[in-house]
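The data blocks that follow each hold one structure.
Two complexes are shown next, each including chain A; its partner changes from chain B in the first to chain C in the second.
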Partner chain A sequence: MSPMRRLENIVLTVLTLMAALVWIFPLYWGFLTSIRSEENAAGSVSILPDEFQLKAYLDAIFNTKLMLWYVNSIGTATIVTVLVILISMLCAYALSQIRFPGRRLLYGLVLGSFMVPGQTLVVTQFILMKDLNLINTWAGIILPQLIAPIVIIVYKQFFDGVPKEMREAVVLDGGGEYTILFKVFLPLNWGITTAMSIVTFIGVWNAFFWPFLVVTSEDMMTVPVGITQVNDAFGIHYARLMAVAMLAAMPVILAYVIFQRRVTDAIMISSGVKG
Partner chain B sequence: MAMIENRRKKSLIALTMVTPFVVTFSVFFLYPMLDMIRISFTDAPLVGAGHWVGFDNYLKLFGDRLFTLSLKNNAYFVALTVIPTTVIALLIALAINRLSGFRQTFVMSLFFMPYVLPVSVVTELWAWMLDLQFGVLQPVIALFTGKPVAVFKNPYWVMPMVAVVTIWWTNGFNVLLFIAGLRNIPSELYEAASLDGATTWQKFSRVTWPLLWPVTALVLTLQLILQLKIFDQIYLLSGGGPFNSSYVLLLKVYREAFQSNNGGYASAVATVLFLLIVVISVLQFQLLRIRRAS
Partner chain C sequence: MGVRLTNVAKTFGSFHALRDVSMEIPTGSFAVFVGPSGCGKSTLLRMIAGLEETSGGEIVIDDRDVTAVEPAERQVAMVFQNYALYPHLSVFENMAFSLRLARRPKEEVNRRVQEAARILQLGEHLPKKPSQLSGGQRQRVAIGRAIVRQPKVFLFDEPLSNLDAELRVQMRLELTRLHRQLGATMIYVTHDQVEAMTLADLIFVLKGGVVQQAGAPLALYDDPDNRFVAGFIGSPSMNFLPTVIAAREGHRVTLQLEGSEHAFTADLSGQAAVGQAVEIGVRPEHFRIGGAGLPVQVEVAEELGDVSYLYARTASGREIVVQRQGSRDRLDGQTVQLSAEPRHVLVFDGEGRRLR
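For the complex of A and B:
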């Protein structure tokens, strides 16, 4: 490589790194504010950490309903994730491996619903929940979020790729379809199951519009909806506000940092840019 | 005989497997969808029955200035986000693609991180950075305008700034798609181009860009659909103001249904948005099919 090219390379790398640091600045600034004292948080424009204290976090944990919202979020997100995976996996297995009447119609519906914007259905979904007496309940938050056609599509794609011999071995041993699914297809596709679970969990944790509509009581709110209340109730306490925001983001940031490859794989696969 | 028996048994098993999805789908998706269309022809309040009014709600839309303004604002927001985010994501993906190993993973994760944040965390971070009195970005704004600006309370600034926040939040997703697309381009093509003495620009315009076009088209259409559904960021940052300058269709649906108690009229607005997005999705699907077939 010529010296000129090498210099160009270094310059480009440094520029990329700087752009990445600028890009993440809002999150960094929020974190920096959260570890400052209230007095200092409002006035300080130093972009380096000038103090470290967890007062704002303690304040957020003990003087807001954040912990309650955490329970609601963890509870609903876990239930939705488990059910979405189970419901979608079963449906995808039948679509992929069993010939039954109505199969094509059902797959058409799955593909079709993928194009329907769920957000436009909130008015009638809300009316339905009201009729079912599910406003301000976990069930109300959970139920409409169980429909995940993309998870069915991805599972079907993976199940289609499992060699025929694998299932025949189980059939010879006298195993039924459920045995084949749970003893062969599921273990063969653990990777995609973990990946889809993580992105489903992140998606449900972050859901705003629906939980915001179906929950009106502060005690039943999920984290992303609840934290908008802290703003109203406490006025300008920037350090606490940012501490609350950091705590709200922590589970999804951790999930992403720990399972980075799985998250990016799941997104690439479900948008069809990677098989 | 045994064959038919076996078939029937298999169909029954399949039925038990698809039932959970079919039931939840029918009750919480299909039914609300049909109900939305039905209610849009009535004068129903949010809770309770209404009277059949035919196309009245739809006719009313034409005279509703807030509706036409929302439609315009949706179009404006699409213009502010879709192409800019696609260009920015492509540039970032190209930059990341040059790197390798830990450097690549690290830079990638910094650009992707905002995408996993809840929307309310995103809006709070930006509201704080753009705070009129203490916002860390106000000195930057003052460089251009000479004085701090309450961006979300200013009719000229509000939509562009919501667009900036949105691009920051969702761009990582597009970067990821472009990186996947870049990885799918065989390296032999670049080697062949190098042997032919191609410049960096020629490699981009003759190899990368044409081969990346399917992903670019995907990003553009996905973004178009996504940005038409804008609600959360607007609601949290500006509430549709000031002077309705950031009012959008989904906000109109929300206000009509949940604040003005007009279930029927809200459903008519929702149906229009619904149809708009379905038409775009179907067009996109057909385009992808044609491209795959050719």
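For the complex of A and C:
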């Protein structure tokens, strides 16, 4: 390696490290705050741990409904993920493999809905859910989150890429659509399904805006929505708030640590960097 | 009858891919569809498989009308050009797939897969995934998948075109052997006339969605019905030269070459008027060199040992290919005289139809 290349490498490494620091600092600061005492939490400006106590965490666990919100979050995220994957996969399969009139138009609509930001629809969505009497219900939380054009698009591209002889071989072997989809196409690349499940799960776990609007009962809130409730008559408790935030982020962080490669793959696939 | 097609047609929109195709393929024979790219041979094969609907006509397999029958119920098996093996399944499971779908008993699945593996010498590869096999082995697995189903008819769509030349020759022999061993009807698609000649009992030459001629390999070689078949079968291709019928005496006609003193003679029993412009066709291997004949200038001589090919030009600039057996004297740049026996001079009219 020439000295020039080496210098370039060092500079690049320093730059990425700095960027990483900028990203990680708020998390670190939140963690510091969460292990301080409530009196000290808002005032201390030390960037090193000056106190270590778990009172805020105990507080968060026993004096808030965090545990219930956890259960709610895990429940909705699991249900939404399973339904999104199943529905999108079937939809993509039909769009990719079955010839029926209006197929192109339908796919055009899927692509179109991909381009519309979810927030713009929120008012109509809310009115619709209200008319259906679904405000403050699980169905109200789950149904609007089942719309996942990106998952349909990724699956369709995958199915489109399978050589048509593969399908024909199954047909001649006596298999129907069920066999083609579940016994051949999906097993060809489970990575797609894993990736889409991870992306969807994380997305639902982090979802705030819609669950925040549709639920007013504290007992039905998910973790991100619940966080907004962690203050009481005496104002904001920073340490407790940060402890809740840490606990809320924990599953995603853990998932990331465990499935690191798959998560990056998943994000790459769904952002179209890699197909 | 193994397979019978009656007036089968196929259109894609307004495009006629196949017109009025009728043929009979006897049970147990090896039939080959051959023709240039885009002539419709794959389409025809896929229609027999049921993967493509017919736009008209009737398809009968083993005396049963299957025109409207689902592919899986036609008792045909197909081997694809790209093999279309299931990459996530082992060789064993690839071959067992159809039997498992049909819920055959375990013991029977095992027996039939083992039997196919034995015929194709795939035994040691059964636990492997397709990606761990060579091209030739993958091809055999694809064939094994067909054998396991014990179909009435095997369909092959250019199964050897992804293999290198040497392996292709070897697989060609194996296919012939397999055909004898199984005694099943086989239909094979290729654009390679050598493959067609070596494998077939019965060749169907297609062009533009129309069957040009059907017959045994040597019948097509010796007695083509038209200029297209004459030029397509045989390698190197037949030479064609424009001539005029200068004289006729009984069956013997004299064919005067355009722009040359030289004439060929041929035998015609049908109508052919003196003065009619016709084309003659002579195969490279049927030219004689020496004596009185058509003078040509040899430009390049390819010596292959036993055989040599001379690429020559007539005085009027037409290219002629001559095949020579045995002799080794160098003829590059020389002028030689070409002649041919009357029985080797084929005559075609203005539309390319053979005059007999």
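Everything below uses one rule, namely that the second predicted complex is superposed on the first by the 242 of 275 C-alpha atoms of A that agree within 3 Å, B and C clash if a C-alpha of one lies under 4 Å from a C-alpha of the other, contacts with A are read in each partner's own complex, and residues count from 1 in each chain.
FYI, a residue touches a chain if its C-beta (ideal position, glycine included) is under 8 Å from a C-beta of that chain, and two chains touch if they have at least 3 such contacts.
Small disclaimer: the values here were computed from a predicted structure and weren't measured.
Asker: Have a look at where A:Pro187 lands relative to chain B and chain C in the superposition and call it first, second, both or neither.
Answerer: Only chain C; A:Pro187 stays clear of chain B.
Asker: Applying the document's definition of touch, where does A:Thr179 land relative to chain B and chain C: first, second, both, or neither?
Answerer: second
Asker: State whether A:Ala169 touches chain B only (first), chain C only (second), both chains, or neither.
Answerer: The second partner, chain C, only.
Asker: Contact-wise, after the overlay, does A:Thr33 reach chain B, chain C, both or neither (first, second, both, neither)?
Answerer: first
Asker: In the three-chain superposition, say which chain, chain B or chain C, touches more residues of chain A.
Answerer: B
Asker: If we overlay the two complexes on their shared chain A, which of chain B and chain C does A:Pro211 touch? Say first, second, both or neither.
Answerer: neither
Asker: Of the residues on chain A, which ones does chain B touch that chain C also touches?
Answerer: After superposing on chain A, no chain A residue contacts both chain B and chain C.
Asker: For chain B, which residues count as touching chain A in their complex?
Answerer: 10-11, 13-15, 17-18, 20-22, 24-25, 27-29, 31-33, 35-36, 39, 46-47, 92, 95-96, 98-99, 103, 105-114, 116-121, 124-126, 128-129, 131, 133-134, 136, 139, 168, 173, 176-177, 180-181, 184, 215, 218, 222, 225, 228-229, 231-232, 236, 250, 253-254, 257-258, 263, 266-267, 270-271, 273-274, 277-278, 281-282, 285
Asker: Touching residues of chain A toward chain C in the complex: what are they?
Answerer: Per the stated touch rule, the residues are 163, 165-166, 168-175, 179, 184, 187-188.
Asker: Under the touch definition given earlier, write down the residues of chain C that touch chain A in their complex.
Answerer: Result: residues 49, 51, 71-72, 76-78, 80-82, 84, 86-88, 97-98, 101-102, 145, 149 of chain C touch chain A.
Asker: Along chain A, where are the residues that touch chain B in the complex?
Answerer: For this pair, the touching residues of chain A are 9, 12-13, 15-17, 19-21, 23-24, 26-27, 29-30, 33, 42-43, 45, 47, 86-88, 90-91, 93-95, 98-101, 103, 106, 109, 113, 115-128, 130, 143-144, 146-147, 152, 176-178, 202, 205-206, 208-209, 213, 223-225, 227-228, 231, 238, 241-242, 245, 248-249, 252-253, 255-257, 260, 263-264, 267-268, 271-274.
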